[in-house]
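First, the structure itself, so that you have it in front of you.
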Amino acid sequence: MRVTVVQFLGSNCDHDVIQWSKDIFRMPTEVVWYTESDLRKPDLVLLPGGFSYGDYLRPGAMASRTPAIESVIDFAKSGGLVLGICNGFQILCECGLLPGALLRNSSLHFICRDLYLKAGNKKTPFTNKIPDGKLLRVPIAHGDGNYFCDEETAKALESEGRVAFRYVSPEGKIDPEWNPNGSMSGIAGILSEKKNVLGMMPHPERASDKALGCEDGRLIFESVISHLES
Amino acid sequence: MKARIYVFLKPKVLDPQGKAIEKALSTLGFEEVKSVRAGKFFEVETGDVPPGKEEETLREYCRKLLVNAVIEDYRIEVIEK
Amino acid sequence: MAEMEVTFELAKENGITPEEWEKIHKILGRKPTYPELGIFQAMWSEHCSYKSSKIHLKTLPTEAPWVLQGPGENAGIIDIGDGWAVAFKMESHNHPSFIEPYQGAATGVGGILRDVFTMGARPLANLNGLFFGAPDHPKTPFLMRGVVAGVGDYGNCIGVPMLGGQVTFHPCFNGNNLVNAFTLGVLRGDRIFRGKAEGVGNPVWYVGSKTGRDGIHGATMASAEFSEETEEKKPTVQVGDPFTEKLLLEACLEIMADDFVLGIQDMGAAGLTSSSLEMAERAGSGIRIDLSKIPLREKDLNPYEILLSESQERMLFVAKKGYEKEILSVFRKWNLDAVQIGEVTDTSRAEFWFGGKKVADIPIAGIGDEAPLYDRPSAEPEELSEMRKLDLSKIEDLKDPGKEFLHFIGSPHLCSRKWVFTQYDQSVRTNTVQGPYHEAGLIRLKGTTKGIAMSLDVNPRLCKLDPRLGAASAVAESALNVACAGAKPLGVTDCLNFGNPEKPGVMWEFKEAMAGMREACLKLETPVVSGNVSFYNETEGVGIYPTPSIGMVGLAEDISKTATCFFKKDGAKVLLLGKRKGTLGGSLYLSAVKGLDKGNPPELDLDYHKSLINLMISLIGDGLVESAHDVSEGGLLPALAECCLSPLSDDLGASIDLKPGQRLDELFFGESISRVVVTADPESAGEVMKSAAAAGIDAGEIGLTGGKDFSVSIEGKRIFSLKISEIRTVWENGIDKILA
Amino acid sequence: MKARIYVFLKPKVLDPQGKAIEKALSTLGFEEVKSVRAGKFFEVETGDVPPGKEEETLREYCRKLLVNAVIEDYRIEVIEK
């Protein structure tokens, strides 16, 4: 599996997802600068988290208007797999590959903490390896993760199995106490219509190394590998 | 040209900042406050723009960057051509 | 601009003393120009010249075989083996954070990050020490919200995790809050960059944000007390631009990977003036700069303003001649403007030109060597002898221990700092082994087994009651924290926050604190490699308690052999190691609950403390203990309860059984410096006791882990029992009381 | 009362956001753009305010919460009394 990571001015989790792909999963990994249009024939494009353009104007806004993103849009439209994490998710919404928008956290604070995620659909390229009943413990670190979309879109997301992840309590229940940012029905990640594009606020790349305490985030990468192999 | 572009959330979109300010104001004793909505504006200065094309140019800025049409609306105001 | 007539009157207004005025004439052989006056004023300000502190700072130990760079550079550096090194420093941004908490704190973080990456190190961890006034002071919530958001937003945006720090509330900070920011970066030991202007004829480059009227006289402001007038200085507030700083960081590290950069320095306090003069001074060279070439944000800045502007996110560097193309291409890639503004000369003078005219010409040695140095008078403050007296018989012992314990641990002084540190990114860059909940911050060094531990500590109350002991205790505590994570303490950076040094009492506190730091750093073999002094933390004549913050850095050879403070499983034995008896003198309990900052603080036996540190490192390295937590402010019971409150696992309680012989308040909340709570498997507990005995460290069993309750008895007699969940609720929500 | 409060950075204060937008617009091909400064506004709705006291009330909101006088200025606009 060939992975391409797109780097934007100000991205700060680029290094983390490169390491995720290259060092933890030993995948051939290309790094594409935001001004480049050639994505170098990837099987998976990773859009990293972390404050592209300082989150000035709107998170993801400026990054979503770059040559690299134009190519990502073409790639996704032809069915290519794209995973946007945190700022990557914001970029995906800004460029229209995913519906809706990420508003300020309801507390108005940046929040960094570990949370529990429940997969909303196990039959997607990004979730197929998650065992039944398994909650993923993955950290969030963002100021704008409050997912919002219009009613029609919300219905479509639910009925088409496009809610990839929700924040839940340790018991697996939807619980406002465990919804960190006020996101609509606890949405932590959503999929495109064809389910080849996933945007999620939590950081699986930060929960994929035993030395740091938790490896639940690996399941997402492993799902992609298994999807591409089958 | 000098212009101002006002960007605001569509009425149906939740405004966490406005809500928080609303609460904070009434906590401060301003109980008359009923609702607050937050928006932003940009003061833009440009070199020469073809006469008559001012509004169109500003709309382009909005479409291409300044406004996220999924959640926001805008209003433009040309101050000086 | 019309030439400003420079008179002594004008100089005096700018804080120049008659002696200094004379010295300037002697150095120049003439009257200074207005820009020159600005240069002297800034360079001789307390903030830049260390005129009141230097002779005392010189007494601090700064050397060890592993020290690669001691004080005098942008950051200190120590060797951690296998060719790796860490650069670290702490800096205060107290005055700006009081005037504009958000921007003041944010730019403080920006400044310390630049100090570290200018050395060629990639910043990988931050710590922050925050000191606010009383929890119920009307300004506290406002300052706290602003400072925490400012510290957080800047570091979060850059992508450097915040691994810990300290939040202290005390009325002595009502008029002067403190913000101490620490950054640590990693580099190869043979790739250190220094702030030197080397090689005659080499170009001097300016890169980063444009220069505006920000913070002009910031350095002088940090060297003056607050008063009504300070209000007028408000427009000098700097605004942080973390996005530009992130670009600057990446571009500088990229350019430093090559061989053509010879010296690099950030423009911090006193901006272009201090950075250019310091770079030339360190290299023994001269420097010529054309101020007309400086990129400006507003057109009409005059030379004086350009020289003294403290606009953020700017760097100065000297490169070999002939690499202009390479340099420009890197900065263009990162969307940054870089311009050549001058060159290195052999004149030993700093020359500044503007519009084809020389506006300043100063011998560099004149600024450095001739800078005033004061041995200011000192005398023990009168109030101290009274403060040290403590008559316990006048203080009522605990009546309802369970309730009082719950109240104490839920108070702003002891409660969880979660509200603060959840606003900080703790895990970006995927190195965080231990973050803010823990004893010390701990990051792994990718590609090795090593871990780097760090801790920031100081107890201002102890420092007030006995500055020598207090400062030594800060070093001791931070070292013990690092050891409790399983790392060996190796080096110190400091932020010395004090009142007005022109007051003999404050000077005495400073001298005593230096003596205490010296003793402790010598004994624990942790040299001071960098730091910063912040004087004049006074408002309307009222000063802060002496607050020498200590940033301790240590090395864990193997991160798989480290420890955390949380109890791990049912049925482990709880052991108390070290000076097991606490005292109430200077304790948090007396201060927070009884409103008394009184008594003699607990003694510190540095030899004993060192043995305890070594014992902890070996117990953890040998895997004999499952958890380790040092007992600091608040005393024994709060420390034990904290071990039960892991953020990530279910409640795990403990039954504690203590020996009688002390008042309850003293037994429960008394403090001592050298004390650690550990847990061990029943099989290993004997080993732990044996190792402790061999190290000459007192040890005893005080309980067992298990259940969902925190039960405390004395010789088998139950004193109280509380549900862990109940403790957790009050502990986690303590800060809300301030903010409500 | 209905009102709008415009809050903007004082002219000499650095506006990192405005600067970044400025650059982004010219990268997108709008080379005529010379400067952008960002501001925010609040649309406030309240219950009855004593007649004649509208402006004073709004100024109070600004002083007490909405405006950071150290770096910001503001302008108020009463839309409906």
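Order of writing sets the chain letters: A, B, C and D. Residues in each chain are counted from 1.
Here is the rule we go by: a contact is a pair of C-beta atoms (placed from the backbone, for glycine too) under 8 Å apart; a residue touches a chain by one contact, two chains touch by 3 or more.
These figures come from a predicted structure and were not determined experimentally.
Undergrad: Is the C-beta contact count larger for A-C or for A-B?
TA: If we tally the C-beta pairs in contact for A-C and A-B, the bigger total goes to A-C.
Undergrad: Any idea how many Å lie between the Cα centroids of chain B and chain D?
TA: Here chain B and chain D have centroids separated by 10 Å.
Undergrad: With chain centres taken as the means of their Cα atoms, state the distance from chain A to chain C in Å.
TA: 36
Undergrad: Calculate how many whole Å lie between the centre of chain A and the centre of chain B, each centre taken as the average of the chain's C-alpha atoms.
TA: Chain A and chain B have C-alpha centres separated by 29 Å.
Undergrad: Between chain B and chain C, what distance separates the C-alpha centroids? Give it in angstrom.
TA: That gives a centre separation of 41 Å.
Undergrad: At which residue positions does chain B touch at least two other chains?
TA: Those would be 64-66.
Undergrad: Touching at least two other chains at once: which residues of chain C meet that condition?
TA: Residue numbers touching two or more other chains: 241, 243-244, 335.
Undergrad: Considering chain A alone, which of its residues make contact with at least two other chains?
TA: 53-54, 56-57, 62, 65
Undergrad: Which pairs of chains touch one another in this structure?
TA: Once each pair is checked, the touching ones are A-B, A-C, A-D, B-D, C-D.
Undergrad: Which bits of chain A are touching chain B when the two form their complex?
TA: 57-58, 61-62, 65, 93-94, 99-101, 103-106, 108, 146, 148-150, 182
Undergrad: Per the contact definition, I'd like the list of chain D residues that touch chain B in the complex.
TA: Interface residues on chain D, with respect to chain B: 6, 8, 18, 21, 24-25, 28, 30, 32-49, 57, 60-61, 64-66.
Undergrad: Could you pull out which chain C residues touch chain A in their complex?
TA: 149, 152-153, 156-159, 241-244, 246-247, 334-335, 421-433, 444, 446, 559-560, 647-648
Undergrad: Spell out the residues on chain A that touch chain D in their complex, using ranges where they run on.
TA: 53-54, 56-57, 62, 65
Undergrad: For chain D, which residues are in contact with chain C within the complex?
TA: Interface residues on the chain D side: 9-10, 12-16, 19-20, 23, 68, 70-71.
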